[in-house]
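Consider the two complexes below, in which chain A is the common component and chain B and chain C are the respective partners.
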Partner chain A sequence: MLLALELTALASLLVMAVYTLRHLLFALNRLFCPHRMNYTDLAGFHLPSISILLPMHNEEAVAQDVLEALLESDYPHDPGRFEIIPINDHSTDRTGEILDEYAERCPDVKPLHRQGGKRGKAAALKAATSIARGEILILFDADYVPGKSLLKFLAAPFADPEVGAVMGRVVPHNVGSSLLTRLLDLERAGGYQISQQARYDLGLIAQYGGTTGGVRRTALQAAGGWNALSLAEDTDLTLRLAIHGWKIAYVNRAECYEEVPATWEVRRKQIERWAIGHTDCLHRHLGPLLRSPHLSGKAKLDGVLLLCVYLTAPLIVAGSMACMALFVAGRSFLPALTAFFLASTCYNAVGNFASFFEIGSSVILDGAHRRVRLLPLNIGNFVFSTATVSMALAKYYSGRILGRSLPWNKTLRYRNGNGNGNGNSGPGPNGHGNGRGLNIIRAKSVVPKST
Partner chain B sequence: MLGYFALLILFLLFFSFSFYFGMREWLRPQDAAPVPVDVEYVRAENYFGVSFRRNMREWLKTARALPPEEPRDGSVRAVLERPNGERILCLAGGCFGGRGEREELIYSERDLCLAEGAVFHKEIYSLGKVETGAGAQLQAVAADGEISLGVDNAVSRWVDARHKILLRRGTVVRSRVSSMESIELERQVSAQSLFAPLIFTADYRPVPSSPASGKPEERPPAELSVQAGEVSPAYLNGIPCSRLAEETWLVRGNLELPAGTCVDTNLVVKGTLCSGPHCCFSADVKAGGIELGPSNRIVGNLVSGSVLEIGQDSLVGESIIAEGDILLRAGVRVGGGGRQAVVSAGRDVRMEANVAVCGKIAAGGMVITI
Partner chain C sequence: MPFRIDSLLQGLAIIVLVDVLLLWQMPGILRWHSRAVEILLRLAKVPWELGREMALLPGISAVMLRTVYLDYRAHPLYPAYFAGAALACFCIGYRRWPAPLKPMFFLLLAGLGITLLYLRMVSPTVPYTPEDFCAIWCRGEACLWLLLPPIFAMSFFILNVPLSLKIGWLFLLLLYSFLWSAVRLALALATFHYFGSIWMPFFYFAFGFLTDFLYIVAFYSLAMDGAATFLAKRRELWQ
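Up next is the complex of A and B:
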């Protein structure tokens, strides 16, 4: 029994040390090494035909904002080159009516109404892809507010015939809503500014995030299309594209505002869905990933670490409990215990959930120095994530054993004009969102102009 | 035991100290605004010139006129002073500057010529043409007419003209050169990036597609299209390869294409791609390194993971991008027929004589004519 506890603690130590090194490497690479292939020069010059897919389920509060933002885009609105396909996925509110209103006014907007069939983002995308005409499919979630030139930046990397998907950077706009949104803002900055960029620069697997990104239609078809059964269709597609030899380009310059969860309950559901979907991908893609002839050894190693990332949460819990049990049992396990806590500290400092070092580096690169003071509070986010992921995985594995499938949960939107997270956003006086949210986001995004 | 408690208290003190700042930032936030993303941003390739012209017009309205205290150069019509103390010399046009150094912004209402060896530490804006003598040193120059920079000029920042730009031998521009018409580069010119509907190097011989217009024009893309009979499916025989997608082949290793080969799909080569003369590519091409022979035709984009060399008299329909150096041999044409393209290198772009690019050339290092 004691041997098992010792092995658990040591295994945790080893795994955390590996993740620690991985994230340390990412941060150092991002800070001190040059970028790889830069496609941003091509923005505005390489203009393939694009179809913008917008999955929507009860999105009356935000539907108008994202449509208005896309219609104001400076991407050429030629009929054969540009179309917007908002997908009304089993909505019970006014989403469908809003989309029809836009379709009447704007020939570029071609809504797809789904009232039957399987619900969920992947199923909606699958249906929309079958009617889309663009060679590139660009995806946004309904709460996103793309800037005027974002589409050009996302389309540019597809000049490279090896690029199967492109991912842009996501930036929270409702930062001031709550402590959680501020912590998530830090986490996003570390995740995109450092981790995604470094993975792309190092020739590893940059992750296609399912929004603020695009996928080449032929690559999608070659990789088997959207997996409607997956709760994490983005990770699923990332892995399938990489396994089939496609590259995923990350464009840090392609920034887009999003809304992050403002309450811990919404966050819990989001993490739960990610953890289950991601771990499900682990079981489906680990073997093909290791056997793929298209991936280098380092890419495979990073792919394994990427797939296993949510398993570290229960491992940390198990390691901590093992150490405590050993301590209470009077077992002299001081070196391992010390090492465990040292590694744990390192993990919190540079690891995945509270990647302090990455966040610190991203804050420097973003020039937002004061928010770095919140870093110690991220320990709360880390503990919350660890507990939530552990419980989610327990649910997932028990579901697998009992043959239960888990439902897809949509993340609640909080936009109500002031972005303070006081509650779910409601329709405007005209019965739907009236663009106030869009204007407020624009006001927030005022950037000092240089001469 | 006492020591243990002292250490514990010390530890807790330091531990709580780090949380103090976090709690303070949480409860009294000083930095809770989103990371700024300019959602209104629209890229303008001649941004420097446009922005400076706008600012100059604003400054001319708001700056205060200074009384004539000292004898002025004959062409100086007025001296204005901005609230920050910066001076603007308003010129009627003509020749200006000498061996001395000028610290003022220059605004000229007509054509302006700058003397040989003149040094200007601030920006220049002319409503007419600008012509400089040899060895002039400029900060930046915008003109609503043409710009012609003399031999061995040095520009610390940018050059922008509404009409033609000519950069003579030995001129160096540290940032962007942009024109809404054309940019002519003599030999041994270098710049960080260039943008114009037509950029061409010395000894350029335009295709006489539109002699009536009198303007140089490039070949329309129809001339780049691959004829059906030219397609040779045998070019991958015996080569380790696989299909990435229906229209994309992936080659694991190097690929050497014999003269006259035509590739009818997208092509991705993990190693180096070398082609003989008169090869054609009807879609996009990517390789770890690319060395194309003379008179190749590429309809799509060319992407290289390292260096890229394009042989004499080759035509590229769309953009060229490489992580390393790019070399465009004599007679190479990029873009054209109303379609703008980009040549972008992680390091240097080198161009021989009679090279034309319709669109943009950008380099992590420098764009150099040889």
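Up next is the complex of A and C:
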């Protein structure tokens, strides 16, 4: 029994130490090593035909903002080169009407109404891809508000024929809404400014996040198209593209503004979906990843660490319990315990999956230093994420054993301050979105935040 | 540039220097630490005496304090009362508490539960005497004090700010670390004296390592904020 506890504690220590080292290397690489070609100089010079896909399910509060922002884009609105396909996926609110109003006014907007067939983002994207005409598919979630030049930045890397997908940077615009949004802002900064950039610079697998990004139609087809069965279609596609030898480019300059969860309950559902979808990808893609002839050894190693990232949460719980039991049993096991706790907390204790060093450095790079004072409070975010992910994975594995499928939970929107708890977004006073998000983005886009 | 690689080398040199200094002065620091704990125990009206001299690090030993735990053999129901009260608080307050607090409370309950099981099924006393606990605590803290310069050097010394600012923050962090460690150890010994040893895992883990990490991050965040303000004033911040 004691041996099993000791082995659990040591295994936890070893795994967390590996993740800590990985994050430290990412941060040092981001800060001190030369960056890889980021294609931003090509922005505006390479203008392929693009189709912008906007999956929407009951998005009447935010639909207007994202459409207005895209129509304001400086990407050439030539017919045949630019189209917006908002996908009304089984909405029961006014989303469909809003889309039709826009379609009447703007020929670039070509809504797709889905009232039958499988629900969910991946299924909606699959349907939209079949009618899209663009060479490149650019994707945004409905609550995102793209800046004026974003499309050019996202389209530019596709000048490189090896690039299969491009990922931009996601920046929360509702940072001041609650403590949670402030903490998530820190976490996002570390995740994108440091971790994604370093992964791209090091030639590892930069993650395509399913929004604020684009995918080459031919690459998508070569990789097998959208997987409608996945709860994390973005991770699924990332892995399939990488396995098939396509490059995924990350463009830090391509910033897009999103609405992050403002309450812990909404955050819980979001993390749960991510954890289950991501771990499902682990089971589906681990073997092909390791066998892929297109990936280097270091890319495979990082791919494995990326796929296993949510498994660290139950490992931390198991390690903590084992250490407590060992302590009470008279084996204070001090050096290992010290190292385990320092390693696991240093790695994870200030967010979902970003080390405190990454977050602190990203805040300095972004030039928005005051928010770094909130860093210690992210311990709450860490504890919450660890518990939520552990429970989600217990649900996932019990579902696998019992043959249950897990439903898609839509993230609640707050654009109008609603919080009806049913996963739907409520309308503004005029029955549409109130344009608040769009106005915030317009104000922010005056001064670029980072290089 | 806000970050400089040569500052990292500078940081590495300072790690070596500060750690050598800490190792050299460790017996004195531990004596001072012990003195601070004695004063705090006196304030808390906890009887103590000087105990055995125990080895903490290779070549470094210190005299531990001896106190008395509440004897659960005279109060056999106390551990169950404490665990039960914590469980009741958890159940009653579960819906009202902020979400991040719930897992933390669960950890407290897990610690109390594991210790309760041990006290009921294995032995009526925990396997550590007060001197043992002091030694475990001081050994952990001494290791941490030696780790603080590397942690801070890797994360903060790479910034392109004056060395005096970096050393100033490191000095403050170390000072705080010595003081806060003494306060927590005294609080732990006082709790064991009045409420018994069932609270030991909580003090060792939550009030030990977790709290250590929290103040390190807090100092790091304040130092980064100060450094960024300095950089902004010099107009060297990336925009």
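To be clear about the criterion, the second predicted complex is superposed on the first by the 417 of 451 C-alpha atoms of A that agree within 3 Å, B and C clash if a C-alpha of one lies under 4 Å from a C-alpha of the other, contacts with A are read in each partner's own complex, and residues count from 1 in each chain.
The rule is short, and it goes like this: a residue touches a chain if its C-beta (ideal position, glycine included) is under 8 Å from a C-beta of that chain, and two chains touch if they have at least 3 such contacts.
All of these numbers come straight from a predicted model, not from anything done at the bench.
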item: Superposition on chain A - do chain B and chain C clash or fit; value: clash
item: Touched partner set for A:Ala219, first chain B, second chain C, both or neither; value: first
item: Which of chain B and chain C A:Arg36 touches, first, second, both or neither; value: first
item: Which of chain B and chain C A:Ala329 touches, first, second, both or neither; value: second
item: Contacts of A:Glu104 with chain B and chain C, given as first, second, both or neither; value: neither
item: Contacts of A:Met321 with chain B and chain C, given as first, second, both or neither; value: second
item: First (chain B), second (chain C), both or neither touched by A:Leu374; value: both
item: Overlapping contact positions on chain A, where the chain C interface meets the chain B interface; value: 369-370, 373-376, 447, 450-451
item: In the complex with chain A, residue positions of chain B that touch it; value: 18-19, 21-26, 29-43, 45, 51-52, 55, 242-248, 250, 252, 266-268, 283-286, 300-301, 303, 305, 318-319, 321, 323, 340-342, 344, 346, 359-360, 362, 364
item: Touch list for chain A against partner chain B, complex; value: 34, 36-39, 41-46, 69, 74, 145-149, 152, 159-162, 171-176, 179, 182, 185, 189, 216, 218-219, 221-222, 244-246, 255-257, 293-294, 366, 368-371, 373-377, 441-442, 444-447, 450-451
item: Chain C partner contacts - residues on chain A that touch it in the complex; value: 24, 31-32, 264-265, 267-268, 320-321, 323-325, 327-330, 332, 334-335, 337-338, 341-342, 345-346, 349-350, 356-357, 360-361, 363-365, 367, 369-370, 372-376, 378-381, 383-384, 386-387, 447-448, 450-451
item: List of chain C residues in touch with chain A within their complex; value: 2-3, 5, 8, 98-104, 106-107, 110-111, 114-115, 118, 122, 126-128, 136, 139-140, 143-144, 147, 151, 154-155, 158-159, 200-201, 204-205, 209-210, 213-215, 217-218, 220-222, 224-225, 227-229, 231-232, 237-239
